[in-house]
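Read from first to last, the chains carry the letters A, B, C and D; within each, the first residue is number 1.
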Amino acid sequence: MVNVSIVGGSGYAGGELLRLLLSHPHVEVKQVTSRSHLGEYVYQVHPNLRKRTQVKFVDPVQLEPVDVLFLALPHGEAQKRINDYSALAPKIIDLSADFRLKDSATYEKWYCQPHAAQEWLGKFVYGLPELHRAEIATVNYTSGVGCNATASNLALLPLVQAGLVDSAAPVIIEIKVGSSESGAKGNAGSHHAERANVIRTFSAFGHRHTAEVIQETGVMNVSLTMTAVDLVRGVLATAHAKVKPGVTTKDLWKAYRAAANENPFIRLVKEQRGIYRVPEPKIIIGSNYADIGFELDEASGHIVSMCAIDNLMKGSSGTAVQCLNLMMGWNEMTGLDFAGLHPL
Amino acid sequence: MVNVSIVGGSGYAGGELLRLLLSHPHVEVKQVTSRSHLGEYVYQVHPNLRKRTQVKFVDPVQLEPVDVLFLALPHGEAQKRINDYSALAPKIIDLSADFRLKDSATYEKWYCQPHAAQEWLGKFVYGLPELHRAEIATVNYTSGVGCNATASNLALLPLVQAGLVDSAAPVIIEIKVGSSESGAKGNAGSHHAERANVIRTFSAFGHRHTAEVIQETGVMNVSLTMTAVDLVRGVLATAHAKVKPGVTTKDLWKAYRAAANENPFIRLVKEQRGIYRVPEPKIIIGSNYADIGFELDEASGHIVSMCAIDNLMKGSSGTAVQCLNLMMGWNEMTGLDFAGLHPL
Amino acid sequence: MVNVSIVGGSGYAGGELLRLLLSHPHVEVKQVTSRSHLGEYVYQVHPNLRKRTQVKFVDPVQLEPVDVLFLALPHGEAQKRINDYSALAPKIIDLSADFRLKDSATYEKWYCQPHAAQEWLGKFVYGLPELHRAEIATVNYTSGVGCNATASNLALLPLVQAGLVDSAAPVIIEIKVGSSESGAKGNAGSHHAERANVIRTFSAFGHRHTAEVIQETGVMNVSLTMTAVDLVRGVLATAHAKVKPGVTTKDLWKAYRAAANENPFIRLVKEQRGIYRVPEPKIIIGSNYADIGFELDEASGHIVSMCAIDNLMKGSSGTAVQCLNLMMGWNEMTGLDFAGLHPL
Amino acid sequence: MVNVSIVGGSGYAGGELLRLLLSHPHVEVKQVTSRSHLGEYVYQVHPNLRKRTQVKFVDPVQLEPVDVLFLALPHGEAQKRINDYSALAPKIIDLSADFRLKDSATYEKWYCQPHAAQEWLGKFVYGLPELHRAEIATVNYTSGVGCNATASNLALLPLVQAGLVDSAAPVIIEIKVGSSESGAKGNAGSHHAERANVIRTFSAFGHRHTAEVIQETGVMNVSLTMTAVDLVRGVLATAHAKVKPGVTTKDLWKAYRAAANENPFIRLVKEQRGIYRVPEPKIIIGSNYADIGFELDEASGHIVSMCAIDNLMKGSSGTAVQCLNLMMGWNEMTGLDFAGLHPL
């Protein structure tokens, strides 16, 4: 058994991670920290864990050395103490945005402040196995992924890997998200009476996850437009791009099938009948799957590529556990076998 | 035109009241107060009122004399300054709980503090026209109604008025409510990610509105059990009572029809076919209707009586405007003619 | 009073139209037809109309002459009998898609069948007052509008009228819709357990309403991508276009303000603070407003223009009543004064 | 590995069962039948199972002998062919209502038709392990459980087992349910536009599951009142009963703790702080837990006892797998370790 601890376990990503690690066959959870819920049972904050564990939240200063340390802190926190954390564990998986971007200037541009541990940026691998599987298996430090970035990157993955995108044309990614994306701390706009029944395009341009999409896909001319809908979990990215001249639907089938074949958590959904013909978050909530699909307008070369994920699973904690599996040499799918529910 | 002002206009009841009064053919809205939103346009808080009015929130100290003053303050506030308010207007309609109960001891029992203006309790009429229509037409001070109390009182109204209830048996009222009942100020539990998808029996006993049901129906042995569901507006009260020996379904039809005939906003819903066979808040959102219905188990005398309302309309601001109409001698339905939407 | 009848009154658009006409101060509803609900009270199908009318559904063959005939039939039906209907009333407003497109070849291309009454296409004006106000006031035949087309056309309206769009770049319109768009007759995919919680991009290209957008805006290179979300009513169109070189945010403010000033039901929503900063269907359900807004990325010229409507109001029946008002010389807003609800 | 097949695998209970059995470590799924989806991959109907299995639906006549046969047919079907099915497998678990009731007259009373295989009624054990654990471990035939009956039976379990209920007083159980309860075949009322946003008390008395509650708890004077809410999965039973004179809150704590201690899937939820103080289906969707809790009004003896379950798990397929585990001598929790999600 490998010992792991979670720093920052009272948020949604931390709770989801804890749920996964408590059921992981090769892992023992040693400590979970939370300053605001110090001394409480973790199930008082994450009520689904009642009768699953008697672990209580401890103060970060009480952290003991472990094999793997997960950081699930608010953005900007991990970079301040990364030296301390690295002294506690040989391997670190950080779920925040702190070590996702390789370039400190890019970080400063998108996060509007200088990075506090620039020397660490190069030590972390961007933790999306579908892009960096081999490398993740060899390193000690893996960053988390942005949920919207992940939906975007996986929507573009087959196109980029097969070199089918016309890079001169802009790529417009429309992303629809649920309320859990905004975190466990509510605000005025997250009050149920204000947040229910919305279709709210809250960010037309400039979402920070754009930086991860540019870095990981190499597509420079890309924009993310964010729309909140009445759902707790789930993200759908609907990406509009232009394929290179001559690219056919058949070429696309080949590229998408390859992506699904090479990645255990990617599924191609493109059906001619039935209710579920396209990727939808509805049926993958709780699972680590990323469902992808596409439609091509051959006349114009306009492709609509879709990717559906659970933001707290494939978009965050599920992928972090997938990275753990790779870093430890375990089967990539260990502890991530939940199928999702139908109906939900 | 009659001049009215609203004290405390930034909450949900205040906003709904403002919406109704702005469209009322005989009324002119003079001032709306809010300390927290001082100087803002009312449509910045109540976005549905954009392009409907250029009124801005003012400080309560700026209030000028008007014909009718509406008080839509948090519970406990109106009683502190009722003398001041009464100097500003000959007629007052208070939406809060402050002047609903006639007995100061009862008030103290349910609200856990002494009443600050006991001499005023007797001056207010309980503002439910279905129970006090004639009296409301003659007085200057009308209290608001509790939303859950109203759903309960109207569910019991036909039974009580026809004297059909067995008063020895307990009356159990199960009430399902949406999130707008908890007001415009959110809390940890009203965060969308926590509040969505709930069926949460948050209060088994002791809801304060019980006091209004006891006072207004005379049924002493009554309990209200509150369950939150995933909805913004709407209340359904499902009341379980026992009818007196010998009471038949026919007797009940007669009593319920009488209630619907005597009250313009009460409708009897009891269909044998179609989708909408029973009272449902879904189709009366935004309207002032109270839909009632019943089922009787003749063998046991167990009756299930239902009442569906919009908590912000018939359960609060709609009824307040209905009282205004009666107090001014206008048609009871003036400004309250919205039918509700289907589907919604 | 003007006499009107509705042909095809059991669907959602027919029901909404009936609700509006029953409350319209200058109108008397004579007859409503429905073959499938023959002899039933209209409130048995549209339960919000209980206690509002005792009208029953009649057979179309029973139709008597009236001043204005509304047609709310399934697409393809009105064109088959338009000669019969025109014998019954001097003025006709057709809510279906049958007379929206001016060119019969275009109709055939998008609806995959020849038009059955081509000689009538030229007699109808496209019934969107924001585009054809003056003309509608002079004609006897007005077509309805497509709900998604209306959200799209109004999102583009300020840009098109001010000539700000770069017509060489493609216009991509992402449209999010509720379940009432699919009509009152359900299908396998509209079963609540399958339809709830969805974010389902059910049509990437080729939605029929595209034809109306091309015809009415003159933008040839436009695509509509449709995504279903968990909502009953409401449409948000998020349109991505490119502005001409040199166009600034200030130019856009001017164009959007002009659209809002010239059209009583258009509101510009672009706030820097508060919860409601962008157009949202949530707060206009039941109202005839179309809320518009925009964001410009000045560096790239990429504009995101939004329009939120209630698909059954501004996207269908509300606009039809607005046309009636114009055709009769009444105030454009008559009978359409509902403000929408907050919260909902 | 034990071979199992599912008869009737295209419904919601069948699909959930299939999901569980595909992940069960000791089970191999041989065949799944469906007449209406003959020849289709199971994942075309249950899209969450894509990439989990290549099993296709077969005709029931193709069924081969297996170790355990699960029947997930519509009510009334299993009894017609139980002799055929019993020839195919030594052990049968039937999810339908056909073999739940021990008395054929009771069956006929509640299901309004004579039972077609009365000789089999005595061979089946009622498959709720919390009531019949020891017996289930020794038999070959286990019935399924009604979802509403299970929520009711487990809400009453601690009271009944400890003998705390006053049997002279009526027990009123208010049950709130999601749309998946009505099955995969929709009807007019399950159309999303009609079913969303409802609080619909669709059955005041006489729900068939009442028979199971009477049989299993021995409480004769019990009624179930059913209210549909806007949710896909989840049931909350809120039971109103009267405790015997002298019963205290302390007695109840003891009884509820005992129930939770003796049953691995029962959890007691009764918190003084935090958001999740009472049992809620929201956090147990997908899990096999039944969360129970209570409130006592000591003055009147009125107890409100709650039980939350996922209707497709603990209320149906999850409990069926739990029975399989017991019948095979495996750990009761095998293959049922999903914790539920927070938030959802």
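Everything that follows uses one rule, which is that a residue touches a chain if its C-beta (ideal position, glycine included) is under 8 Å from a C-beta of that chain, and two chains touch if they have at least 3 such contacts.
Model, not experiment: these values are computed from the prediction.
Q: So which chain is farthest from chain D, going by the mean of the CA atoms in each chain?
A: Centroid comparison gives C as the farthest chain from chain D.
Q: A-B versus A-C: which has more C-beta pairs touching?
A: So, comparing the two chain pairs, more contacts are at A-C.
Q: How many Å are there between the centre of chain A and the centre of chain C, using C-alpha atoms for each centre?
A: Taking the average C-alpha coordinate of chain A and of chain C, the gap between them is 38 Å.
Q: Averaging only over C-alpha atoms, locate the centres of chain A and chain D and give their separation in whole Å.
A: The computed centroid separation for chain A versus chain D comes out at 35 Å.
Q: Averaging only over C-alpha atoms, locate the centres of chain A and chain B and give their separation in whole Å.
A: Spacing between the chain centres: roughly 46 Å.
Q: Note the residues in chain A that touch 2 or more other chains, in rising order.
A: 12, 180, 184, 188, 193-194, 196-197, 230-232, 275, 280, 285, 343-344 - these are the residues of chain A that touch more than one other chain.
Q: Can you tell me which positions in chain A touch chain C when the two form their complex?
A: Counting only chain A, the residues touching chain C are 170, 172, 174, 176, 188-189, 193-194, 196-202, 204-205, 221, 223, 225, 227, 229-231, 234, 236, 238, 240, 275, 277-278, 280-282, 285, 295, 297, 300, 302, 304, 306, 308, 343-344.
Q: So in the complex, which bits of chain D are touching chain A?
A: Spelled out, the residues of chain D in touch with chain A are 12, 15-16, 19, 22-23, 44-52, 180, 184, 232-233, 260, 267, 269, 271, 273-276, 280, 283-287, 289, 291, 337-344.
Q: Can you list the residues on chain B that touch chain A in the complex?
A: Going by the criterion above, the answer is residues 12, 178-180, 182, 184, 186, 188, 190-197, 230-232.
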